[in-house]
Every structure is written in C-alpha cells, then in structure tokens.
Amino acid sequence: MMAIVENILFVSGEAVTLGEIAKALDISKSAAKKLMDNMISCFDFERRGLQIIKVNENYQMATRSQYSEYIHKFIEPRQRERLSKAALETLAIIAYRQPITRMDIETIRGVKCDNLLSTLLDKGLIREVDRLDAPGRPILYGTTELFLKYFGLSSIDELPPLDLDKHE
Amino acid sequence: MAYTIKLDIFEGPLDLLLHLISKAKMDIKDISISDITQQYLDYLGEMKKFDIEIASEFLVMASTLVYIKSCNLVPRKKHSTDEDNVEDDEIDSREKLVQKLIEYKQYKEVGEKLRKREIIYSNVYYKQPEDISLDGIEDNLLYGLTKYDLFKALEKVLSLKEDNHHSDETKEHVVRQDTLTLQERSYQIKCLLNRRSRLSFFALFEEHYSKTDVIVTFLALLNMIKENQVELYQEKPFDDIIITKKRG
Amino acid sequence: MMAIVENILFVSGEAVTLGEIAKALDISKSAAKKLMDNMISCFDFERRGLQIIKVNENYQMATRSQYSEYIHKFIEPRQRERLSKAALETLAIIAYRQPITRMDIETIRGVKCDNLLSTLLDKGLIREVDRLDAPGRPILYGTTELFLKYFGLSSIDELPPLDLDKHE
C-alpha cells in the first residue's frame, strides 16, 4: 500500500488529499490517515532521501533541505525573497490570534500595517476569513495552507506554544 | 539615506522600547519609566538630528511615556476624587504599557522562530506533476462553461502573469519539464506534411530544440513509419533524411 | 550519497546523465556508475514503490508498472480538472488575442501547451488561420465558428470586454 501511495505522490508532484489517497486505495479515510502517518515516520526512520510533507490533510513528496546544496548544483536555485521582520511579526500575530482584524494587529504591534497586510495577502500567506459583526464590518484575517507549507508546519497547532496565560 | 537604515531596525515604538529595555538590562515588568523615557526621547532626538522623519506612532508613545513619568512626579493628595483618578490612570497606563510590551515581545520572538523555519523550508523542493495522458477524458472538456468563464480565465492568466515574479518567490521552486511529447511532435509533422510533400529532417529543427526534442522527433517519425503514415529515405549516411507522406 | 541522488532524480523529473550525477556529487564518472548500479538494485531489493530506470547512461526515477491501475484511478479526476482549466485558459487567450502563435500563448500562460492546442484543434474549437512571417513561420491560431456556437456568441466582438489598459 505504501508503495502505491509512493507512486501516487510521485506522479502527482503536488499535494494529494487524504480523500484522494483513500479513494485510490479503496480504504477508509481513517485507515488512509494511519497509513500516511506510518509512511511519514517510515521515510524518516529509513533515512530516505525524500520526505513526505504533511500540511493539514494533504500530503506531498519533497526533497530534504539538507541536500539543497547538491540540488542547487544541479538546478538553478531561484532566489527567494525573504519576508521582512515586520512581515514575520505580523504573520505571527495573525497565526496565533486568527481570526483577527487589522485594528487588533495594529494595537499589538503599535504601528500601522495596511501595506504589510496587502503584501501578505498577495503572497497568499494570509486571507480574509470573515468579517466582524461590528460597525464597519472589519475584515478578519487568518493564515492559509501556503503559510503552513512556507514554514513547514503540518497544522496550525504545530506553532510553538505562547505562554500568554502567564501574562494576561 | 541613513534614516531608512535606522528605521528598519525598529519596527515601531514597542520594538524600540524593547531594545532600550534590553540594552539597559531591565526587566520588562520592572522598568524604570523615567530612565526609559529619557532614553526614548534621546533616541527620537537622535533621529531628528539626522533629519529622519519620525512616524506618528513614535510620538504617541513618547507622549504616553512622558505622561506616565509626570504622574510619578505629581505629589499625590488623598480625598480628592480627581487625583484618585489620576493615580489610577497612572498605574493603569503603566500596567497597560507593560502588558503591551510583554505581548509584543512574544510575537517578536515567534517571528524570529518563523525566520528559521522559513530558511529551512525554502530549501525544500517539489517536482512537477507527471504528464500522463489518459484516453477518453477529453470529452466534455468544456462542459457547462460560458463566455464569462472564458473571460475570467483570461483575466486570471493575465493577472498571474503580472505578479509572476511575486508568486515565484512564494511558491515552491518548480522544475520545468520542457520537452515536446511524442504525440505533439507527430501532430506537428503531420500538419507540415499536409502542406508540403517532402520534409527535411534537419529543417524540422529551425527553431531551437533540445537534444531530447531531436530524439522525440525521431521516435515520432519511427512511430509514423510503423503506422504507415510516412516514408523516410536518406541518400547516404549522415545526410539529411527526407520525409514523405505515404500514399494510399 | 544515494539520498542526494534520490533528491536530484526527483527534482529533475526527467532522465539525468551520469555526467550530471558525477558532477553534482563531485566524484568520478566510474564511481557514479557504480553508485547508480548499486542504487538501482537497492531500490529493487528494498521493494521501493518507485524504481530507477537506466537508459544508456541516463537515469530516471519512475513509477512501477504494477501500480499503474492505482495511478490511473488517482490521476483521472485530477487530469480532467486540470485539462479543462488549462483548455479554458488557452481558449480565452486565443479568443481575445487571435491570431496568436503557440509561443505567445505559452508566454502568457507560462507553460507548454502543444498538447492542449492539438486537443482544441481536434475538437474544432480553434484552427490555424495563418502563419507568421517570421523565422520558422510559426502557426497563428484563431477561434472557429464552432467556438462561437459553443459559447453562444454571434461574433467574437460579443466577448466581455477586457480592461486592457489595466493589464498592459
């Protein structure tokens, strides 16, 4: 079964949903989930060159970052612009506090951030999830799957815990 | 421009305050408002000296600091409701500022952790989906689509193209497979043969083609021979190959 | 080393030459050859889902034929979706920009589209209208009457106007 999934992930190239895996194997979603969890640790345990990345319930085959040096010898590394410090802070606030309005983000950061928000929206790292039921119906922002993938998180729960309770 | 460098260092008044606090080796919860206010104002003065435009947020914070500091200096009298308020206000403002600093600091730290992850995961690569053509799925290709779908599709394509360089940065690196398929090449050759009775093999590569393309072309031709669609002949080894359409 | 090669083959997606492998690993060609032979048997021995195929001195990662049934089951709905999305985009470009060469379509879409063009030609939705007076005399594509009929248009002018200034 793992061999089949390996083939599917390879052919797909992109992320594959749990549903698609379950359907292709004709098994239940929960069985597929167990299989995938197993497969991920199996790939890690056997120190395979490739890894399986999980983002929410989507799975994708990927290279491992420790080999990037060699990969770059082989293919042209595309220079990716890093996010600014301000963008990372804003993302952190949105990630922990979602859904959150621009006003609330600005209160926490102590500075305006409309420009930043539109950059993050453009990059697909955040999205408008809803509108607050308040005057002006302000937009509520949340993070996207791309956000998780960008930072190698398999779900939002994987963010390092904040000890806000201690301080609030 | 010196000022962009300086302003880039601090993301806002809270960032600046945290910097000053850590520089003075103070505990956030136990900051000396008067010391920190002085340093904060000094910093703003420095910015002014370099002709740096000071964002309004920095000034608001300055006034808050000065206010909290001044409350400390005002002698407190009891039995006056007004001054009770002032006192409450002072404690309140100070407490609020400390809370804000603590909260902001947490996100700032998470931001730094995210940076580390960003660097690691920007070095993870994925592959392009395999191009597998299956029979029968081309039917109903555009079932139920209207002219507006057409319009929207183009709009999307154009806008994608516009911020291509943006999306390239955020999306994972994709390695492009840039070869002609056998099927495509056969089709091209067939089209050309409909127009001309004889084709030169070499002339099939007027545009720049990769080695794989040449191989694909050759395979396509072999396939077409097998299917009795074309005939090839060559005068002598290494000479051009002439392709003609098979009659009948 | 095998892990590195695994990463390279995966990222490449196509066949990789022995020379390229040797260069990426900074080893001799003969050492690379030994490694690759080893790797092929290793993949077979460990009954990996994927295999490494050797053609002359080129190596490629590939699925195994015994899983093709599952791959097809998985890929079909995806292909269908992708094809219609891609076909629609391509048609839209041709409709608004005709007459247009394949190269120009590909520049706009950012991906190859020969396959799609031949499908659309087969379906009679587009046709070759002319050839560009340029090296190679590339084909110029345009839409057909069937295209108009399909989208319920009496002429091409009936397409919703594009805000060209905004995009160009």
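In order of appearance the chains are A, B and C, and numbering begins at 1 in each one.
Methods note: contacts are C-beta pairs under 8 Å (C-beta built on N, C-alpha and C of every residue); 3 or more make two chains touch, one makes a residue touch a chain.
Everything quoted here is computed from the prediction, not taken from an experiment.
Asker: Mean of the CA atoms for each chain, then the mean for all of them together: which chain is nearest?
Answerer: Here the chain at the core of the arrangement is B.
Asker: Taking each chain's centre as the mean of its CA atoms, which one is most distant from chain B?
Answerer: C
Asker: Averaging over Cα atoms per chain, report the distance between chain A and chain B in Å.
Answerer: 14
Asker: Determine the centre-to-centre distance between chain B and chain C, using the mean Cα coordinates as centres, and give it in whole Å.
Answerer: 24
Asker: Between chain A and chain C, tell me the centre distance in angstrom, where each centre is the average of that chain's C-alpha atoms.
Answerer: Centre separation, chain A to chain C: 27 Å.
Asker: Please list all residues of chain A that touch 2 or more other chains.
Answerer: Residues 10-13, 61, 63-64, 71, 75 of chain A touch two or more partner chains.
Asker: Hunt down the residues of chain B that sit against at least two other chains at once, touch-wise.
Answerer: 125, 127-128, 130, 132, 175
Asker: Quick check on the complex: what are the chain C residues that touch chain B?
Answerer: Touch residues, chain C against chain B: 7, 10-14, 63, 71-72, 75-76, 79-80, 83-85, 87-89, 91-93, 95-96, 108-110, 112, 114-115, 118-119, 122-123, 125, 128, 135-136, 138-139, 150-153, 158-160, 162, 167.
Asker: Touching chain C in the complex: which residues of chain B?
Answerer: Residue positions touching the partner: 125, 127-128, 130-134, 137-138, 141-143, 145-151, 153-162, 164, 175, 177-181, 183-184, 187-188, 191, 206-207, 212.
Asker: Mind pulling up the chain A residues that touch chain C in the complex?
Answerer: 2-8, 10-13, 16, 20-21, 23-25, 47-50, 61, 63-64, 67, 70-71, 73-75
Asker: Applying the document's contact rule, which stretches of chain B touch chain A when the two form their complex?
Answerer: 11-15, 55, 57, 61, 99-100, 102-104, 106-108, 110-115, 117-130, 132, 163, 166-170, 172-173, 175
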